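So, here come the structures, one by one.
Across the two complexes that follow, chain A remains constant while its partner is chain B and subsequently chain C.
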Partner chain A sequence: MPEKRKEVIIIGAGAAGMEAAGQLARADYKVTVFEKEPKTGGHVKDWYHLFPDSRDSGEVIEYLDKQLDHKNIILRTGTVVENIKKNDGTFVVRTSDGGEISSDAVIVATGFDLFRSERKEEYGYGIYDNVITSSDLEAMFRKNEIKRHDDRIPEKIGFVHCVGSRDEKVSNLYCSKLCCVTAVKQAMEVKKHIENARVFCFYMDMRMGGALYEELYKESQERFGINYIRGKVSEVSENINNKLVVKVEDTLAGRPLKMELDMLVLMAGMEMSESGLKLAGASGLKTGENRFFSPADHHFGSNKSKIKGVFYAGACTAPLNITETISHARAAVADVIDYFRNPKS
Partner chain B sequence: MLQEGKKRIWSDYQKEIADDHFFYVRSCIRQSFFPGSEQFFLHFMKNVLGKDVYENPSHTTCTGIGYHGDVVPLATIMTVVARHFALMKESGYKNIAISCVTSFGIYTEIIETWKHLPAELDKTREYLCKATGREFDVPENMAHTSDIIYKYRNEIADKAKYKLINLQTGEPLNVVEQIGCHYSKMFPKYGVGGAEFPNVLGGMITSWGGKVVDYPERRHCCGFGFRQYLVQANRGYSLSNTVKKFASMKPFKPDFVLTNCPGCNMFMDKWQYTMKTMEGTVYGDNGESIPVLTYEELAGLVLGYNPWDLGLQYHMVQSEPLLKKMGIEYDPGDKYKTKDGRQMPIPQNLINA
Partner chain C sequence: MTNFGFTILKERHIDYDGNDKSIAEYICEREPSFRTCIECGCCSATCTTGNFTRFSLREMNILLKRGENDIVREQISKCMLCGKCTLVCPRGVNTRNVILLAREAFQKQLKNAV
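Let's turn to the complex of A and B:
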């Protein structure tokens, strides 16, 4: 009697979940993908151009959509997975619509949430009209309309790095890793849209630890004249002319700085997703001090959970860029296949 | 500016404020510089709202100014505060109402220290017992008196005789709210509305018909800042901080400043005299300086009390321009008369007089 075809459940249809689904489907496994949102694509679909090469995010979405387009994949959007239970080597997943579905393995790919910038009250997001987030700016890029709330074109724009990252006050000690390069990319993008704009990036450290990041940083200064000021913004307010007044400590010049800006962009960090946290609590999955899923081993088992047969893929384990997310998803697939072939190892 | 964003923050910082049976602790300097404020608070609570508010004659300074001036050690101030709590316990009260923002900051800092370092609490119990034979309990509820007026702001609005409306224009008065740094900047959870966008005074202003001015240096120190002022050589720094605030608020044409801290009221009031004398600068509209009121004085004005009974004449910047805008009736001849009608000396060189 032929062996029953193995089935895998993937929770989350962002970059990691979609890539893992495609890889497993092509290896002839049956895959069911659950996505809580009505659409697939996670955060990538909200972005305009991607670093380091300004690729249109639509190209990545197109690639990911192709991964899902396979006869072995069932996609269920608008469905939240509430918990995972292991029962004699089979996993039973309960969904928000009251359903239950079983599988032979589970990949958790619940991704991340962007830090809610209103939690940094001193920056006035949600209060001052022209304080926006990196995500809001991407939406403006997509519409090709970078405007202030009063429809004027901003001439002087600031970027605040590390919003919700490396910040004990909001219990996020970790670096979100991608905000620095995103700020560099967005600052250049702003200059492409508004040639005469003056752009200032307020940073703690420029963490350019990725392929071509440093080159991008250099180009932003030499070709686009972006100004980098090393210091943390302490407060934002608004003057009588509806300009933002930003106070920052310029730590290289060794003095406080006060600046009027037309627009301020907050580089929101990455946090463990709320849905991931709920799933962890309901399923007995371990989370780390940073609240992301904690892998079984940081060096040799970054895709494995402490429950055999439950695997992690992508930014639900730590902030990752798209390249790393896709590699991590492929590694999760390799671990799943190894688990099926060598269940006792 | 989106008011909804502020409301969302305020909803995160709702503090529990007791509604009766208060052990009231006065401020050292408020009694001297604007004595009508504490008097009005006690009258309003006891006679208007019918609340039980008790003062113990053995209550002393909290020594906060000495502590911040580095002449009173932490162990000493903790013992002094513990003695206040002992007086409260002996008097049968559990809710403390604190008139001074410096004291309020001291109480919150000490209580938080005891929570995080229980050994300090044990040491304080021992020191107090050795020194006085007394025992104490930590208050069940701790409120600044501005929290209490905030709590009853709508009752005051219901009884209001005057509103914070400019009678000539029909527009709401522009009000600068000046929250004492030690009210919530150290521990946002102890302040109504938190630290970045506090609502303790803003809530009163809007309930009574006015409009809060949000200006760039809103969060900046008034200029008191203890060491800036207590060390005589630093007083220029104190003044420069106050100038920075007034220069920042000037374009918004504030009709008056409302404070909840004795230091803020004193410095924003009295430094205006200095600024005018040194530089000839005034920061209000129509060549006038900006009156600086306490929340009790403002509550009293809104309720229709005689401005001179509230002690407005004891400020350096006089309030007549504001009284006229609000349409408040007053007798200029009574301004410097005692309650039994005797004429007091009339101060010279007052501003806006």
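Let's turn to the complex of A and C:
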């Protein structure tokens, strides 16, 4: 076939973008991947061990790096895509360095941002030294150093679920769905690091709807003695002994509960990325009430946008775990290939 | 039919079918956000009254919905209407208005009875 080889632009080099790029490259399409950060790998690289099997995130990064390592792929890091314009059958993408490049299809894989926990001021992130986020804790795991700000080892640690999720006060009605299982995983990991630690999870509902999540939850109780208290934390303060005081209702006991803690971990939820939102605004892509990209159809078109030839992959459409993100990226590739073969349909 | 003596123990069971849910309905009609409570207890955790007395707004909410009105009628005057519960509610329930409407409904019920 003398036909010109089709070209695809992918915006974002996290798990979704890297997987999609690899799949397309191996199917012999030319791919250009834009990444706003200097490094690829998105959020995966910030995590230490992954649920449900405690695998080192480095293994996933290694796999994703392999996907990108292909002669058909051009990677451009440190470059923000400002907008996508459709011109007849081709797409022109404008980048932050003033450049313009065209392609035959675009996959948007702009991912998510972690909720900025300081927005829940009543939980004291950025105010009290020993209030940290789930992401901060991963960094501590990686350094193999779980310490309070005063260098002491924390013995009593709390986890607050649903920080920035299921909360209309920060305009996020949706459930981020991965924070529950992350809290379970991190609680167990804390116990592995600090044997005599007492760990408490404050939850509204335990949403364990993924493969092996419930098993992990049970293991956390059986093997690690993690304590679960059902109630949404209303506020956190610090007392004269430099301990954190958490106020919550133990809804199952039906009484308010106060607890002193050495360290508190906020399970930050997932939000539509700021760069994704900007791109949506500048390119006429539809976003939902949850601010994530809204797919053309929730059942049959979760990778399709309203613009034919522009597709979505990964957590820019909704909170997704790594497995789901990779599957979603592959599905996006299938949609792109189908679009090339049947551009009219 | 033979009577085996089985019945609903008022002390133990919620007689859902027999209970009067009109107070909850009265509130839902006027403050629809009342329907969206997920019983997280954030309101009760922050509640000034709840920290000193047996009062729990979360408990009031669920009792009203189950028609267990007697306890609520007895407790509801304890609320000082400070509105902290409304500030923390993750569902955006106008909890303060729920209390006001519950009191109003109980008042009306009382008047009708007289």
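One rule holds for everything that comes next: the second predicted complex is superposed on the first by the 344 of 345 C-alpha atoms of A that agree within 3 Å, B and C clash if a C-alpha of one lies under 4 Å from a C-alpha of the other, contacts with A are read in each partner's own complex, and residues count from 1 in each chain.
The rule is simple: a residue touches a chain if its C-beta (ideal position, glycine included) is under 8 Å from a C-beta of that chain, and two chains touch if they have at least 3 such contacts.
Bear in mind that the values here come from a model prediction, so they are computed numbers and not experimental data.
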| item | value |
| --- | --- |
| Partner chain(s) touched by A:D136 [first = chain B, second = chain C, both, neither] | neither |
| Touched partner set for A:V245, first chain B, second chain C, both or neither | first |
| Contacts of A:E122 with chain B and chain C, given as first, second, both or neither | both |
| First, second, both or neither for A:E219, with chain B first and chain C second | neither |
| Of chain B and chain C, the chain that contacts the larger number of chain A residues | C |
| Touching partner for A:R166 - first (chain B), second (chain C), both, neither | second |
| Contacts of A:E235 with chain B and chain C, given as first, second, both or neither | both |
| Doubly contacted chain A residues - partners chain C and chain B | 122, 235 |
| List of chain A residues in touch with chain B within their complex | 118, 121-122, 124-129, 235, 237-240, 245 |
| List of chain B residues in touch with chain A within their complex | 1-2, 4-6, 8-9, 194-197, 214-219, 248, 251-252 |
| Interface residues, chain A side, partner chain C - complex | 122, 162, 166-169, 204-205, 230-235, 247-251, 254-257 |
| Chain C residues touching chain A - in the complex, by the definition given at the top | 38-47, 50-51, 56, 58-59, 88-92 |
